[in-house]
Each structure stands twice: as C-alpha cells, then as structure tokens.
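Here come two complexes built around chain A, the first alongside chain B, the second alongside chain C.
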Partner chain A sequence: MSDETDQNPDRRSRCHRLRGALARTARISRWEVSRSAGTVDRKTVLVLAALALVVGLVGVSAAGEGVGLEDEIYVVAVDEDSRYHDVAVESEAFRPIPLDELVVESGDEANADVVVTRNGELARYGPHGAAAHDAFVEAIDAYNEERFRQEANETAAYPVHVELDYQERNFDGETEQGGRDGSSNGDSDGGTGTGPAENGTGDDSTADGTDGEGSGDGSGDAADGDTDGTDRNDGTSDDGDGRLQVPNIGGAGGAVDGTVGPPGSISPPFPFQSLLLAFLFVVPMNFVIQAYGSTIMDERVKRRGELLLVSPASRREIVAGKTLPYLLGLVAVAVGITVAVRGGLLSVAAAIPIALLFLAATFAGAMLARSYKELTFVTVTISVFLTTYTFIPAVFTDVNPIALISPLTLIVTDLQGESVSLGEYVFSTAPFYCSAAVCFLLGIGVYREEDMFAQKALPAKVLDAIASRLHGYRSVAVLTALFIPFVFAGQLLAVALLFAVPEQLAVPLVIVLAAAIEEVAKSVHVYAGFVRSRFEASLRVAAVLGVCSGAGFFVGEKLTHVVQFVGLPELTVGAAAFGPELSGDPLLAAAVFLAPLVLHVVTAVISAIGASRSRIDYALTVVLATLVHAIYNLGVIALVA
Partner chain B sequence: MSRDRSSDESTPIERGPNPPEPAGDGDSRFSLPFGPRWAVARRELGSLRSEKTIVLALAIQLVIAAFSSFLVVGLVSLYDPSSVGDSDNRVAITGADEADIERLSQLASEQDGLKPTAAESRADAFAAFDEGQVAAVLEVTRDADGRLVVDATVPDGGLETTLLIVQLQELLETLEHEERLANADALEAPPLDVPDEVGASPYLEFTYTILVPLLLFLPVFISGSIVVDSLIEERSRGTLELLRVSPLSLVDVADAKLLTIAALAPVQAVAWLLLLAFNETVIAAPAALIVLVAALALAVTAAGAGVALVAPDRRQAQLAYSGGIVGALVLSTLLPEHPANTVAKFAIGSATATTWLSLATYCLVAVGGYLVVRRGIGRLAADSL
Partner chain C sequence: MAILEVDSLRKEYGGFTAVEGSSFAVERGEVFGVVGPNGAGKTTTLKMLAGLIEPTAGAAAVAGHTPGEPAMQRRLGFLPEESPLYEEMTANGYLEFFADLYDVPAEVARERIDHTLERLDLEHRDRRLGNMSKGMKRKVAIARALVNDPDVLIFDEPASGLDPLTTNYIIEFTRELSDEGKTIIFSAHNLFHVESVCDRIVIMNDGRIVARGTVDEIRDAHGGTEYRVYATVDAGGDPVAGEPVDDRRDGDAATEFRHVVGDMAAVEAVRETVEGEGGRVTDIQTKTPSLEEIFLEVASEPAGDGDGLASGRPDRRTETDAAARTDDGTQRSDEREPTEDAAEAET
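Moving on, here comes the complex of A and B:
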C-alpha cells in the first residue's frame, strides 16, 4: 500500500507499528465475532442445534438406505407365480403389476415398461422399454447375487476367486507417473520386484499370494496394510458378507479395495470413497462464504463501513480483521473433518488454499455487487465454479497427473494413504494462493469511500479496482505478472475441460483459448489505465506500456515451468497450453528462451495501442494479438514436433 | 437499488413504479385492487432485470446441470470398454491345468476387446507382460476346495487399466456363471436365467431421477433466496419503512414480492422442460410438474419471507434459509416418496396414487404455509423491523 510511507526506518518504531497493526486487526476480528454472536440468542442456538441433530441423524440413516430417487420409476407386468416376481418385488426401481392387468395399446404402448411373459421371456413396451429392460436384467443379477450370498454351500456359490495384482511396468520411454508412484506407492513397486519371483512355485495357494501383497503394503504405509489385511481375511475365511454388500465403497482405503474376491467384487482403482470424503472439505466453505459475503456487503449498505474507514485502522487491517474469523473458522472445520476422516496434515494444508480462494473471490465479489440479490448470485457462481474446478480434476486422481491442478486431488491422495512431493504441493496450491492474493489486492483497491458506497456498473468497478493498482510503468509489469495465476488457472481449466474432447479438436481450441487468456491478462490493466486516465493516451506511452506488460508476462511465465515438476508437458494437450520443454544446443535454447519475450512484447504492444484509442479498437486489437499469438504457438509446436 | 437511495430524501408519496408513469394513468392504477402491488412486483422484476441476476441465475443452473451430466457421462465412458475404440487387449493365460487354461482362453476369445494368447510357461507370460506385449496375465489354479483361483496381474494406474479391469471382470463373471451352472446340483436353488441386455442408453435413468429433479428444484431454491435478499435489503436500507408510508400495508408489499418471485420458478421450469423436450427427453406429465414446482416455490418463498422478516441480518437469514433447505431435503427422505422421486415418476410416466397424493399435499402445505406467513407478517409490529 502506498499510503503507508516508510519515513522512519527505525526498527523499534517499525516493530511498534506492526504491533499496532496487529492489535487493530485483532480488535476488528473480535468485533466481527462478537457482533455475529450477539445477534443470535441462546434459544435460537438451542433450536438450531436440535434441528441439526435431527437432520444429521436422518441424514446418516438415509445415507445407509439410499435416498430412493429411483423408487418404482418402471412398471413391470409379471405373473405372481413367476420366479421373476420376487425380482420385481425386491428391486426398488420396479413396481410390479399382475399380468392380467397389462393393457397393450396400439403400437408398442402399454401400461408397463417391461413384461415377463408366461414362458419367462422379457418383452418391452413404450419409450423407456429398453432402459427398463436393461434395469430389469440388472435387477435379476442383483437378485441372483443375493440368493448366492445366502447359499449354504459357499464353494458352489462362489466357484471363482479372483486376485488383482497391480504391477508397474517401465518400457519404451513410458516414464514413471511423477514422483507419486515412485516415492509413495511402495506397495506396487515391491510387487513388481518380488511378485513373479515369489510366486514362482507355480501353484501357490490363495494365502500365499495375498501374503506377498500384504507385506508389500505394510512396508508402504499403515493404512494400506490395514485394509488389505481385512480384505485378506474376508477372502480366505469366506465370510465376505460385509464386503459383498457394498462392493464398490467398502473399506477405508478406496483404491486398494476390490482386489481380492469373487469376480463381482473386484473393481477398478477408482477412489470413490476418498473422493466423497474430500468433497466434505468443500461443503462447509460454500456456507461460510455466504456469511462472509454478507458481512462485507453489510459494510457497504447505508454507509456503515464509513465509521471503520475513518478509524486509525488501514483498509488492509480492516479487511484482514474481518476475514480472519472466517478463515480461522474454515481451518478449524478442515482440521475437524481431517480428524473425523482420519486424514493427515496434508489434507489441512491442501484445504487452506481452497478456503482462501473461496474467501478472496467472495470478498472481491462482495466489493463489486450492487445489492444482496446480486451478491447471492455472485457467491453461488463462486461456489459452483470453484467446486467444479476443484472437484472435476480430483475425479481423475489415479488416472491422470493433470488431476493435480486441484488441491482436492491432494486430499484424495492423502486419504488414500499416499504422500505427495513438495513440488506437487506447490504445483497444486500455488495458483490458488496467488489467485487469492490477487483477489484480495483488487478488492482492497476498491475498499474506499468512492467505490464502496457508489452504485457503479460492474465493469466500471472492475476497471477501478485494477486502475487503483497502477502507479507508473513498473506497476504495469508487476500487475501482468500478478495475473499469471489466473492465466495459469484458466489455461489449466481449458485443458482439463477439453481433455475429454477428441484431440484433433481439443488442441487447436486450447491453443486459441490459451492465447486469448494470455492476451487479455496482458492488456486489461493497460486498458484500465487509459480509461481511468492514469496514462497519457499517446502512441509512445502505449508502446512503452506494451513492452512493460509483455516483459512482465515473460518473467511471470517462466514461473510456469514449475509445471515441469510433474511432467505435465508430456500430455499433448498440456504442451499446447504451456509450450514444449526446452532442449537442444545452447544457441537454439537461447533463441527458444527469448522468442516468447519477443512475442509477448509484440502482442502486448498491439493491444496497448488499441487500448489507448477506444473500447472497440481495444477489442479488435486483442483479437488480433490473440491470432498472432496462436499462430506463433502453432509454429512452435510444428517446429518441435 | 440506486433508485431507492436517490429518492430517499424525496417525499414518499412519489414512490411508485420507476420510471414514473404519466399522472393520469397513475390514478386509475391505484384504484385497482392489485394496482399498488403490481407496482411493487414490477419494480422487483425491474431490479432483477437491471442487475442481470436472472441471466446469471439461468447460467448457474445450466452449469450445474452440465456439471452433473459431465460427471455422469465421464464416469460412464470411463467404464465403457467401447469408448477406447476397437483395439483388443492381449491377455496371457497361464496355469497348472491345461483344461482350465483352454476354457478361459475360449471364453476370452468370445468376448469383445480381449484377445487371449497362450503362454508357454509362467515365466514367459510375465516376461511378455514386462515387455508390454500383453496387457494382463491371468493365472488359473484350483484350491483345495476345487474352486478356481484366478490371479490377475494388470499394469498399475492409468485409464487403460480401468477399462482392462472392467473387461476382465466381465470375462470372469462369465466364467463364474458357467461354473455355477455346473455346480447347480450343490446349490439350494439354481440361479435365474439372466436375459441379454439390449444396450439401452445408460443415461436415461440419470436424466429422469437426477437431472430433471435438479432442474426443477433449482429455480425453487433460487426464488426463495431472492425473496430473502429482497426483503432483508429493504430492511437494511430502511426502504421498507418508506414503503409502509405508501398506501400499501406490509402484508401487501410482502405479498407482491413473494408472489412475483415465486412465479418466476414455474416459468423457469417451463423453460427447462422445453429444453429437455428439445433434447428429445419425453416428459410424461409436464402440467403436474409445473404445478408441483409452483407449489414448492410458494412454500419455499413463504418460508424465505418469514425468515427474512425475523432474522436479525442477512448473514443469519441466508444461513438459516440455506440450512433450512438442506435440512428439509434430508428430512424429506422420511416421506413415503422423496420429492425428487415424485418428480421422476411424473416425468417418466409411472405416477402412482402416492405420487398424486404427494402433489396434493404439497399444494395444501404451500397454500397453508403462505397463509400462515401472511398472518404472521400482519401481526408484526412496525418497530420490530
């Protein structure tokens, strides 16, 4: 902040000032807490607690039985004497009607979706017949399984026993999957080395095979060893009831599940349970930001915040003080959840940046919103966007290293009992920390009288927020570098969303999107500077600003080489967004190193010149700069490939 | 709400629709019984329009629907072997007994996507696996009880492994089924014949049981949230007091806001149903669904209005509202039929007597709740706000 000029560099006075700032921040925090607590009386708290308890109890029981969303959505006509009648009765999705009540109308319409004819065949009617048919087939399967489970002769009921061994293979340049497998997946590594040799006897019994696996896990970590141990017991003692009932979600380990048992119980390595538990971390954030957004907005309604603004506390202290209770609350909740689901320190460490970004985005949103209604939609948008952004990549935790773009992946990994390297933690959380910092900075920029209490259009306020950070040419470069986390997050999001799309379509789309995101990030503050008259609208100034912005971006972009920690550029789509790895002889390397600098400067100057003229010129030049950028990226990829 | 603030100082009698209409028109307007309320309603809609929140609301609903669809489509295709094209996974089969190997090879060659190769020996099979010539090694043995024990070795991690395991599971389940039929004498009852699946869309159930209820409930929750915000905002800015000096009673103001915003929900529901129809999802009873949404919207907005007039500030109000919604959703699992299930049954066309009874109950609850809240507002003391 510029308003705190450093006139007296004396250490003692600095210490004194710091203490003063901390004291003011703490006081505002205390006010925030006491004001919130003061508005709720004890009776309300008791009623709410009782309600929460009832809801929790019902929720737990409902989670056990299923919500029953698909109860009786299909109708099946089946004779009461038919063997399939019991299937229809036991299956929740079907409502049986007697065969006599079946009315077949003209065509293939009937009052039932599926019909079990008297000779035991399935017939289907109506638009949902096919789906109902398949559902009924599944219901028969489930019915059979249920019967087998109650069968006395277990060997006859479960004549096949399967064991799944995961083994790592290294051939034709297929690198290890980052540090994750190498460092933490001790079990799979051990398996590779010892598996074939140990089992070399050729007709080892069940117990032998699982033994080898169990010991491998034990050396890896305790949690894995645990689940495997129980699995082994189930498998060998044939008591497998508990596991069979929930073949997909049983056990605490998630991915290690479903490696031993009858064919129906084995399942691919999908961390279903860990994913659900990780989602728990995000849920409370969605509620807390509502309250946080309200308290920030409250300051702006009826000029209430003016009193704090005229107090000796600086705006940074005010914002810090108002934010602290909510942040601490979220951290406490994260710690609580971690203890409850038996996660590690990593879970908390990964939850904090998510919480910070939730709060920061809400703060910026609350500073820009014009009314409570608008604020609600801003917070819901933030909730939806950030939840999506964190959750979708985490689904692919065990599948693809790009999942690490979300800190939630770290939590999933942690809950699976694996560890991550520091580089992976930085890669995953740094964009979140930086984005949160920028959101807070921009929000604090408009935390002042003329913006807080005025009703301006949203884009105008955004420009205000950005322009308030502009002081001279250097700040342009700094701001460009500060936008890099958003660029990074935006590009990662583009990659993540498009990686499911066929590659021929995804790569060009990603190239253009990535270029557009970068160009906007390099020019939006230049535009804000011209519109808010921070800079003289001349060609020379525009050129200088463009050079500053381009150079700032170049420096910042080099930081994205953190990406290489996890070998992300090995994905084809990843390379399109971040450029290929550096290699080759020094001269070429230097050229490759400096070429982006030239590119960024050129494109930034193009859009800066447009920005100095008018809004339409600005839009046109950004498009032009994007095209130049995309063509350059295409050229580089073609050159390297 | 800039208009409110800018006209704070002006005399209250001038408050009315914005922009103000010609005076002659104004008199006739106020002579109608619903005239003044209509003015409040119009202002409410106007503020939604000017802030473009309704656009944002629609976008959010679309994103949520797209998000859930993305998850389901992604997960289904993750487990769908046909999604990786027609390249066969080569599987080396080895074991102690030639007959067992032969049987498993036979089954594997009959299954799509798997291609069995005979391995000379166990060591050969694992060598081929390590070199990447085969995707998996299956080792068949028999234990003391005569059960088949299949030791499957697959590569660690990756999308291919997921698909491979799904394929292997299918193969082994076929094997299990054959073995069970062979064991039929030892079983208490032979298993039921399982007909072949016809390959219906795996998304149909998701569409009717998740997507449609989601799209119909979201507008309801959003409407409730808007009512909470709208009333709290009037209270915080002190404009509710000004409105009370107008010819309208507090009940009228709350009425107008509540009914206008509640009406938005069924309108959005109609839009979503049209969108679904456009995507060739047949909705069996659209009228019943619209009525259901209208009833729920009335109930939820009435509750929201009650919360907004009782809660001390927006934080408590919004937390109480959203907590209440979550609680209500959880508690509704105790009902004979979950509301989402009611929607699914109406949409797919297998509504039962319970379904219709639920609809009637929701309508009654909604009207009852609305009347109760209306009475409560009428009794609220002016100074308490």
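Moving on, here comes the complex of A and C:
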C-alpha cells in the first residue's frame, strides 16, 4: 500500500512532465507553422497552391491517361460510313475529315496525313504521312482490342486462352503442387510462345471468364512479374528438383492469382503505372526537406536557436516541435495522394517511415553543415540517395523479395491491389524507423550551443554528435545496437547494388563490405569516446569498451533475424551478408548462435585498442578487424555449405 | 543570501582552457559585473550560468538549481550579446510565443508584455521585427528576457552597438530592474556603464578572475586615490626624496619635486618636512584610477595561478598588483573620466 502511495506521486510527476513536454512541443510546432507562414506572403501562397494543383492534376492525368500532347496531331480523311471512321473518332491522335474534303496538292502534299479510300486501303501524304500511317494502324489495333473486351461472348472474342496460375511456395523452396509442374508447362506455354509460367501448373484450372477485362491491370502486373522473377533466377535453379529460387514472400509477389486474356495482353513484369504513382509519394518529400533544412539552418547560422535553448523546453522538445509540422504536412500529402490514386492505408503507412527518414537525415545533415552551401549539398545528396534507395528496389516489386528493402515497394504492392503481411511491413520499414531515430538522436546530440554555432570540421561534428550519446560503458553497447539499422540498410544496399554483378565476384565483395560496415559500426563511437575524452585511453578501458560494443552488436544483430520472416537469407547473396539460418541441431545451433558473439567481441576489442591510441592505429585496426570478420564469414558459409 | 553561486567553474575546448577555476557568489538583488578583454572567458562564463554550455568541471547554482534544469531556466532571463530575432514575426507575436514557452498564462503575458514595452518606450509592436531599427530590436530582446519575470537576469553586452540615447535608456532600465530587486549579471566592454551600474565586479583575464570586489575596493587594491604633492625647495635640496619635475615653477633658484603619497596624513608629513627645510608646497593634486585604467593594467598582465578566494571578497595582495601604479602625468586632477569606447566588442 505504501509502495503504491510512494509510486503515485512519481507517476503523477512523470505524467505531469510528459504533459508539459507535449504542450511545449505543440507550442513550438504551432509557432513554427505561424512563423514559417510569416515568411511567405499571400500572393505567393496562392501561386504555390495553384501550381501544386496543376502539377497534381497533370500528374494524376499523366498516370491515368497521358498528358494529351498527341491530341489530334494527325488528320485522316475517311468517309463517315467507313468502318474506319469510328477508329479515327475514338483515337485522340486523329482528326477525321470527310473524304470529299481531301485536297491533294502538287506532289505529295495534301490536307490530310492519312487517307482511307472507299475500298478500305490506306494512303499517306506529306512529311508526317509515315508516322500517321503507323499511328493509325495502332489505333485500329486498339479499337479492335476494345471491341473484343466489350464483347459479351468472350470465347468468340478470345478463341485462344492462356491462363497463368502462380503457386505459393514454402521455405523449402517447393511449390505446393510442385510435383506436377513439369508435365503441364509445355502444354500451356507452348501455345503462347512466351513461356512465362515455367513453374506454374496451368493444367487444371478453367478460365472463369471474369478476368478478361482486367488483364492489363495491376493484378496482372503482379502475377506476371513474379513469374518473370522466377525466370531471372534460373541461372542457379535449373537443377530439375522443382525448387524455386525466389523464396516465399507471402502475398507481395507470389500471390495465387490467375490471369486470363489473349497472349498479347500479358504485361511485362514492370509495374509501370503503380511505380509511377508510388513515386508521387516521394516527390513532395524532396521539396519539403529543403524548407525543413533551411529552418534548422536558420537556427544555427543566425544564432536564433540560442534563445530556445535557454528556455525551459528541452532540446528534444525543440527538435520535435520544429519537425512535427513538416512530418504532419508530409503525412497529409501522402494521404491526399493515396486518395487521389485510390491507394489504401498501407500506402500511407509505408510513406510515413520514408518521410521520417527524409526529415531525420536532413536534420542531421543540417546540424552538421556549416553553411547554406553545404546544406544544399547535403539535401541534394539526401534527395538523390534516399530517392534512389527507395525507388530502385521498388522497380523489382514483382521480381524479387529484396525489393522489400524499400517501403516504396509496399506502396507499389498496395497500388497493385495486394496486401502484405505484418512481417513484411516490419522488414521493410523497421530500418527506416530506426535509422530516422538514430539520425534524430545524433542531431539532437549536437543541438547545443557548443556545436550549433561553431565552425567545426564535419568529422569533428560527427564525433561530437556520437560522443554526446556516450555516458558510461553501457551507452557504448546501446549505441552499437542502435547502429544496427544503418548496418542493416548498408548491407542491404550493398546486396542490392551487387545484385547484377556476377555471383563469383558479388559474394566476396558483399562479405568484405558487410564485415567492414559492421566493424565501423562497432568502433566509430568507441573512437569518438576516446577522442572526446569520454573514456580513459588505456588498454583495459579499450578492452572493456570492445566487449560492450561487441555484445551490443550481437544483440542488435539478432534483431535483424526479422529478415527470416521473409526468407531473405535464402538468397545466396543475402546469406553472404546475413549468415545462414540456424541449424536444427541444438549443438550446432548453439555454436552458430554464440560464435558471432565471440567474433564481434574479438573484432570490437581489436578496433577499440586502435581507437584508444590514435586515428591511424584506429584505421589499421578496423582493417584488421574487417579481415578477421570476413574470414569468419567465409568460414561459416563454407561450413554450412 | 547568495542567489547565484559559482564554484571552481572550468571550461576546456580540446586543449584550450576558456575558463579556469572561476568562483564567485552573487547576492539577491545585486548587479554583478563581469568584465575583461576579448577572449577573457566572460561570455563562456555567462553561458555556463545560463545552461547553454556545459562546464568541464566545477559547479554553478542559480536559486539552488543547476543551470540547464527547467526549473532554473524558468527563473532566468538571458540576453545574449547577439540576439537575433525571428524577423518575420511581430514584436507582440514574438514575445507572446516566448511567454507561452515559459508557461506564462496568456492574460498575464499580455499584461507583462504591454507593461515592459511601455517602460522600454517601444512603439509599433505589431510591426515585423525585420522592419525595426537595431535599438528597437534590442528593446524587444530585453523584453523577451523579462517575459517570464525572472529572478536572475544575465545581460551580456546589453547596449552593444547602440546609439548613446538608446544606450543610456537601457542602462537606466537596468538600474530600474536592480531597484526592483532583480539580480543582474552584467557584462559590458564599456567600463563606465559597468562602473555606474554594478555593485560588484570581477575582472577576468585569460579565463581567470584576476580582480573582484566593488569598484572602490578594486580601485583601492590598485592603489586607490593618489595625492601628488608638489613642493619647491632651494636648488640641490630634496628633503623627502621626491621626483624632480622638469617644468620649474618657482624660478631657477628652486627645484620642484613631486611627492606621490596615499593619504592625507602623508601629505601633511611631506608638507611639514618641506617647510621645515625652508621650502614650500606649491600644489596638491588627487588622482583616482578609473576602472578602465585598472582594466588595462590587469589585462596587460599575464594571468596568475588563480585568485585563491572562494568567498567572493577581494584579496588585494593575490588578485592585484597593488604596487603597479598608473602615472602618465597627463591628467593632473581627479581623472575618473569615462572613455566610451575603451575596448572593441568581444567576438
């Protein structure tokens, strides 16, 4: 009872402090909005709003129907009673004129580019005649295709059917009906000549006759894409055992779905429309971070932040308050885009971590930049890197599960009308959330008088930022664990970048890069601690810090086993980066489980000893630790193989 | 009772020591001056007190709170030397925001802001700060420092770069705040302002406190008031071993000497001696060293190993070199004239 009474005041006090912190954060946010609004006059706001509206409409229009640049660029002379007249009318590229109005001038010139004679022949005139002729042929095909789609009797419209039926596969790499794949492929694929469903069954399903109109839509993309992904991995899978190279990633790429339509309706494995629409989510972020970076920079360059720092608001509250309006703005934009492109909640949920990382990286960059010129460089770098990091993997949404390293892939998936599992969402977004948190923490570390207004070199500021988070041995372990998302993202990026490189070269490169990234992550803060005199530069202290860092990394690394939810380690290149799955043998499992702990501690101690001495010693010991780590990785892979 | 206590405060930047072992205490309602040349460590000290800079060693407490604690920040008003404002905001909007940040109820804030701006004679409160003059901006900055009705105010160069009229206004306003019981830590390069406003001061040099006390105490420690007794005696005579004066005042037959002594008793002794030898005292002048002179003297000396005092009281023997006297011979009477631009603004 007395404990409860003792605890209640504490709890009330904590609640009171939390309320106070939230209130101050909200005040700073409101102020940031009103202050920023004061920098833009009403006319500018109206112009910007109109501009955004136009861009939005054009974007949506372009994504849906094209921008209409080719409207009526050709003239076709055709009689109204000709069956080709409707083609000309429905095609936006053509303006029909009656055949009687055709005026052929001297030579090859006429007042029409294409002429449909009364006996149905096509003639062309003038310099645009050839292009107009080809366009009109395409228009005829499109017209016919549309008529087929509207045909009630589907069998009459599509006398030849190809049904693509994709199967779920389990972690062993086998399809549920894998045993009967081979025999049925030839029959179904042979008729199409495309052969995309190499592992599909295609034999026992009947066309339901309902998917004809949807053959070109998003679901078709997804299904086709996954099939193509299977083909891309054939380089190592032609072993005749029925194993699929692409692991099961749930509903994102391997959904059980059927596509019915003519062979010509089979789309390439490139979710162009969904990708384009998903890209719309990223575009505003590139603009917003410019404004956000500037407001942070203003606090520093103009020394405005000093007065906020001396107020009762904490650094975290100040940063949160200044960031919140931009984050909420981006979320609002994401919601707006989602509504416009008919996406779902998943699109918004996937856009949030991207927006958060854009802002966090910009914040950290703005805290490190020494001038607006450097800030421009920083924001452009962030724009290019994060846009590339999110967009490129999303191109492979329907091809390879590694595409899930980008939350944009989730948006593409959502726009294709498919769902993702919670594990996939976590796998895709957790590194973004964690990286954003670390960026904010490091930025807040230097959000103080001594760093904000000082002209320090970039490495010195980075070391300050890291050192600001060091308070005792335990903080070293915590910081190491917090670096795991960066390690994870860095290694995934290395895997993605080396995806197209021949495996013989990619695997050793990934092994060395992965090891180097980990060793830097385990030691850079230890080095910062020594340089900033957070720790006594002695061998004993270095050893203790190395042990702490290695242990922290071991714990953090285990969190990356989330990748097993999506089977990523089954990729050969992925296994090189993340190590093999745990064995079923308890002893081997224990060894595999604990061996990394020993490795991380040993290599972290090596680096820590170097860090305690000098910068050159630190660099040399990191190289040494990387080599030890890489050799270990090679050994484990060889052992498991 | 001390409302602000500083104990062995030290700040290092890498291998550079900006502040070394500063200790002092400030009484409630006192105006406490911190002076020193550029790079002496004044601003670093003030920012450590404001919680902006974390000391490398030592401790400070404002009303019992460590600098940086929210409870302490609520009782503190800080006016930095450079106080850039959010120029896109109006004076009212700016002050209301800070009042809100200090949890000042809106009505109280409104009343306080109006009152302060009236006292500071600031008009055009709805004008954007970017469109205000430098003096008006400084007044807004002072009003911001007062918006939370702080117990302790830290004014770092409050009148830096302002015209004499505005400067006098701000100095007078500082006095008024002191009269109201505010404790003010006041730093300025203009030593006349410091001398006229501060109850006690510390002089810093090379990161150390090299002199402290009231202005008079420091003056005394540097010799205090000098009495210069001019006497003429017969040629060749010098009864009290005075300093010969080049300009003869009493004809070729006599020699004039100047005797510098520290009090009136000594003056009388000189007079008696001179007259006993048949000479006569021709003139007696007093010279009181200005704070600026003391400052220049102290600033030109290398800093010692520290003041060795923790009580806040001056120790003349250890903090100052009482033997070093200013004697330029150019100012013959009471020389406490201010020099407005004695030193450059600290950067």
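Keep in mind that, in the parts below, the second predicted complex is superposed on the first by the 411 of 641 C-alpha atoms of A that agree within 3 Å, B and C clash if a C-alpha of one lies under 4 Å from a C-alpha of the other, contacts with A are read in each partner's own complex, and residues count from 1 in each chain.
What we mean here is this: a residue touches a chain if its C-beta (ideal position, glycine included) is under 8 Å from a C-beta of that chain, and two chains touch if they have at least 3 such contacts.
For clarity, every value in this text was computed on a predicted model and none was experimentally measured.
Undergrad: Which chain, chain B or chain C, is in touch with more residues of chain A?
TA: After superposition, B is the partner touching more of chain A.
Undergrad: So, does A:Arg147 touch the first partner chain B, the second partner chain C, both, or neither?
TA: first
Undergrad: So, does A:Val380 touch the first partner chain B, the second partner chain C, both, or neither?
TA: A:Val380: touches chain B, not chain C.
Undergrad: For A:Lys302, decide between first (touching chain B), second (touching chain C), both and neither.
TA: Both partners, chain B and chain C.
Undergrad: Of the two partner chains, chain B (first) and chain C (second), which one does A:Glu121 touch, if any: first, second, both, or neither?
TA: Only chain B is touched by A:Glu121; chain C is not.
Undergrad: Which partner does A:Ile28 reach: the first (chain B), the second (chain C), both, or neither?
TA: A:Ile28 contacts chain C only, not chain B.
Undergrad: For A:Arg12, is the partner it touches chain B (first), chain C (second), both, or none of the two (neither)?
TA: In the superposition, A:Arg12 touches no partner, neither chain B nor chain C.
Undergrad: First (chain B), second (chain C), both or neither: which does A:Arg540 touch?
TA: neither
Undergrad: Of the partners chain B and chain C, which touch A:Ser314 in the superposed model: first, second, both, neither?
TA: The second partner, chain C, only.
Undergrad: Which positions of chain A sit in both the chain B and the chain C interface?
TA: Residues 39, 302 of chain A touch both chain B and chain C.
Undergrad: Which residues of chain A touch chain C in their complex?
TA: For chain A paired with chain C, touching residues are 20, 24, 27-28, 31, 34-35, 38-39, 302-304, 306-314, 448-450.
Undergrad: Which residues of chain C touch chain A in the complex?
TA: 47, 50-54, 70, 73-74, 76, 78, 80, 82-86, 88-89, 93, 97-98, 100-103, 128, 144
Undergrad: Quick check: in the complex, which residue numbers of chain A touch chain B?
TA: 36, 39-40, 48, 51-52, 54-55, 58-59, 62, 67-75, 83-84, 87, 93, 95, 113, 120-122, 124, 126-128, 130-131, 133-135, 137, 140-141, 143-144, 147-148, 151-153, 155-169, 171-172, 177, 181, 185, 188, 195-196, 199-200, 202-206, 209, 262-264, 266-270, 287, 290-291, 294-295, 297-298, 301-302, 370-378, 380-381, 384-385, 388, 392, 395, 398-400, 455, 500
Undergrad: Can you list the chain B residues touching chain A in their complex?
TA: By the definition above, chain B touches chain A via 1-2, 5, 47-48, 51, 53, 56-57, 59-60, 63-64, 67, 70-71, 74-75, 77-79, 96, 122-123, 126, 129-132, 139, 141, 143-159, 161-163, 165-166, 168-169, 172-173, 175-176, 179-180, 182-183, 186-189, 191-201, 204-205, 208-210, 213, 225-226, 229-230, 232-233, 236-238, 282, 312-316, 318-320, 322-323, 326-327, 330-331, 333-334, 337-338, 340-341, 344-345, 348-350, 352.
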